[in-house]
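In the two complexes below, chain A is the common chain; its partner is chain B in one and chain C in the other.
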Partner chain A sequence: MKPDAWIRLLVVAAFIGAIELLCRTGVIPYAVMIPPSEMVVELVAILRSGEMTVDIAATFGNVVVATLIVVVLGFVAGLAIHAAPWLRLSVEPLLASYYSVPTFMFYPVFIVLFGIGSAPIIAIAVLLAIVAMITATLNGLDRIPNVLRKTARIHRMSRVSTALLVELPAAAPYLFTGVKLAVAYCFIGVIASEFILSGSGLGYEIAYAYNNFENRKMYALMLLVLASVTLVNMVLNTIDNRLQARQRR
Partner chain B sequence: MDVRSGPSATEAHAVIKGVTRVFRLPSGAALHALGPIDLELKRGEFFAVVGPSGCGKSTLLDVLAGLAAPTEGTAMFEGKPIAGVPDGVGVVFQEDASFPWLTVEDNVAFGLRRAGVDAAETKRRVDYAIGFMGLRDFAGAYPSQLSGGMRQRVCIARTLVLQPRLILLDEPFGALDQQTRLLMGDELLRLWRETSATVLLITHALDEAAMLSDRVGVMSARPGMFIDFVETGWERDRDSRVVSKPHFGEITARLWNKLRSETMKIMGVADRAPDAARKSA
Partner chain C sequence: MTIHRHIGTAAVFVTLLVIWQGLHQLAGENALASPVETAVKLYAMMGDNDFWGHVAETSYAFVMALVIGTVAGISLGIVLGVSRLSSQVAEPILINLYSIPKVTLYPLVLLCFGLGISAKVAFGVMHGMIPMTIFTMNAIRQMKPVYLRSSRVMRLTPLQTAWTVVLPAILPEVFSGIRLGFSLTLLGVLIGEMFASRRGLGFLITNAMNLGDTQTIMAIAVLLTAFAVTANAGLVLLGGQGRR
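For the complex of A and B:
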């Protein structure tokens, strides 16, 4: 591990240690927060009991479905916008200001359209994440060096072969940045939506535990969400770093 | 001047007749970039093109490569009109065209695999090209792990394995330092001797053109037309050491004398050379 990684680890460990100390000494009252070590113990107990398995599966299932929709739709929309300069000219300012819109305010509309269940949750997550994927696709296509397309022509490659064997791999690092953002936004979209329009899932269970003063359960589930996104991000970052390193010229 | 003992064949390999290229600008105005231009490349000849910036050198190469169609005139390769990239033509660009997601070995094998050459033959040709270009120790490396000169060698090797009969080089050493350029020039000459391919080299470096080629075409400012052809008279078996010969200086001087006024036209400056110098030119 590099020195900067050790320092980063030390900062996180020191922060957790400080919270543990503040909780144990009573500076942070038990009713407000339980010590991190107890969060771990409670989480292990919850996972062993299997009481949350359905909720965990529902949340992760929704994240996976939403991410797949975002990646496919975002990529196709990005391709279409890139192929039509007039469309790009008119759409780009909208894309740039998209994230100033609080997407969650549309939740009543989605309930009316899709009813209660996974559909409105996935719809909100898709709405939240799709522009990041479209933007990454446009960026990736913009950055394909023209000389690579010329090289494909010299090799007398068809349009499809050029797209699959030259343009796609050349844009892959930028597309992957879009995938990374899509996963992060989908996690946010799904869990936040579960707070307000669901009867199951980790977001719903956290809100339920909070409303019933079940602090141990609430913090344990929050820890589960944190650990999951950290793990997913670490895997995605490792792949991203490899792709970026190859692209460096 | 040395007696030229270059390629014995005098058969026309690629021919350009009355070619012009006119671009339509976004404003609707027409930009006359090239020609009318005539050129005949003999089989096995090493021909270099020099000219001021923006004179249409790369456009000429694009026409020969089949990457751009002439607005007027005809371009032929091996007796057939050029429509699209012809079989047997290889191009090396100035920019790094190596595929960053492939290793050196896979980069070099790319065209052969595309052409459906069997695995054993692909390996044989790739091994030879990688060895020829001095990349044997880097066969498994990615382009990001190589220097600019090595990446350009990967691109040359990728072209070489396809055994092109006409090699078009668009300022392939433009981004390299002078020493590396001289050595790459040696490798290019070695490649040319071994393959007997016809070579067209676009360059802005007069010394490179004078050292490498059998014949140099000097182009005018836009619209680019040939204003002079200079026979270098070098032996076919030559290398970068020709730069120490007095004849090298004579060729370079002649090229510069032709190019000086054209470059000034591009820059929009008047010729303020002393009268004596002008007369000797």
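For the complex of A and C:
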């Protein structure tokens, strides 16, 4: 590991240690926050008992489905917008301010359109994440060096093989950044929808535990969500950095 | 070119309206209010004093969160960005904080700040501050080293360096960060109001959702979208002037 990675580990460990200490000494009251070590103990107990397995599977399943839809739809939409510059000029200002519209408010509409269950939650996650994928696709297509296309023409490659063998690999690192963002936003969309609106999944269980003053369970589930999202992000970031580094060579 | 652009944007708006009307026909009267119904409802709500009370509550929380988030985010970005090591250490942590579902932390915020406006403000700050820190930090990293060297030659204090050298140099990137932070702060405040709040636009939305009142939902959606798009355009103009 590089020195900055060691320091980072140290900073995070010191932060968690400080919270543990503040909780143990009673500076942070037990009613506000339980010590991190107890969160881990409680989480292990919950995972062992299997009471949350259905909710965990539902949440992660929704994230996977939503991500797949976002990546495919966002990529296709990005291609279409890139192909029509007039469309792009008029859509881009809207894309830039897209995130301030709280997509969650369209939940009732989705319930009527898709029924109760996972589908409206997935729809909200897709709505939240798709712009990131579209933007990344546009960016990737913009950054393909023209010389690559010219070389392909010299080699008399067909349009399809140029797209698959030259353009797609050249845009791949930028597309992957889009995938990474799509995963993060799908997690946010799914868990926030469950938290505010739905009656199942990890997000709902956290809100339910909060409303019933079950702090131990609430913090254990929070830890589960934060730890798994962090893990997924770390893996994706590592791949992303490798791809970017290869691009720079 | 600009006229073409305006025509294009107008065309996109018209297309969205047509899709909206189409969905209304498809989903039925009770599922989604039509554009006309929404406009009528919005006009009626505008005449209602109670509604402006909710708007004032949300605006107050939003402005507070935005001011705190901007000042704190940019300051933290400058502090972390000046040293190469500290920005390398901080960046992955910040990016992870940016991409975790912060709504899971909302109960913690409520337990710390209590039910009320300060919890909403804190939640808005949590959403908006991090992108501003990341943008500021990266802008400083990409700043020409000669600027910092000159400020050292002139023996400026760290505060003078930050205010008269660093901040003007990174202003365009800072504006991009503020634009993203602006949107996310609004989102944070609204999510905060949707869960465990009795006042504000977020509360109105949750209330309307429970009542199945899609006219109110769509009216607030239109109002928020119009506000967000206008404010974003304003920030783009401001940022463009900073670039001169």
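Throughout what follows, the second predicted complex is superposed on the first by the 248 of 249 C-alpha atoms of A that agree within 3 Å, B and C clash if a C-alpha of one lies under 4 Å from a C-alpha of the other, contacts with A are read in each partner's own complex, and residues count from 1 in each chain.
Everything below uses one rule, namely that a contact is a pair of C-beta atoms (placed from the backbone, for glycine too) under 8 Å apart; a residue touches a chain by one contact, two chains touch by 3 or more.
Computed from a prediction, not measured in an experiment: that's the story for all the values here.
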Identify which of chain B and chain C touches the larger number of residues of chain A.
C
In the superposed arrangement, which partner chain does A:Met157 touch: chain B (first), chain C (second), both, or neither?
first
Touching partner for A:Met222 - first (chain B), second (chain C), both, neither
second
A:Ala77 contacts which: chain B (first), chain C (second), both, neither?
neither
Looking at A:Ala171 after the superposition, I want to know if it touches chain B, chain C, both of them or none. Which is it: first, second, both, neither?
neither
Which of the two partners, first being chain B and second being chain C, lies in contact with A:Ile7: first, second, both, or neither?
second
For A:Pro145, using the defined touch cut-off, is the partner it touches chain B, chain C, both, or neither? Pick first, second, both or neither.
first
Considering only the touch criterion stated at the top, classify A:Val112 as touching first (chain B), second (chain C), both, or neither.
second
Please report the chain A residues shared by its interface with chain B and its interface with chain C.
none
Residues of chain B touching chain A in the complex:
65, 67, 84-85, 87, 89-91, 93, 95-97, 99-101, 110-111, 114, 142-144, 151
Going by the contact rule set out above, which residues of chain C touch chain A in the complex?
4-5, 7-12, 23, 26-28, 30-32, 85, 88-89, 92-93, 95-96, 98-108, 110-112, 179-180, 182-184, 186-187, 190-191, 194-195, 202, 205-206, 209, 212, 214, 217, 220-221, 224-225, 227-229, 231-233, 236
Touching residues on chain A, where the partner in the complex is chain B:
145, 147-148, 150-151, 153-157, 161, 166, 169-170, 172, 245-249
So, in the complex, the side of chain A touching chain C is made of residues 3-4, 7-8, 11-12, 31-33, 86-87, 89-91, 93-94, 96-102, 104-109, 112-113, 181, 184-185, 187-188, 191-192, 195-197, 203, 206-207, 210, 218, 221-222, 225-226, 229-230, 233-234, 237
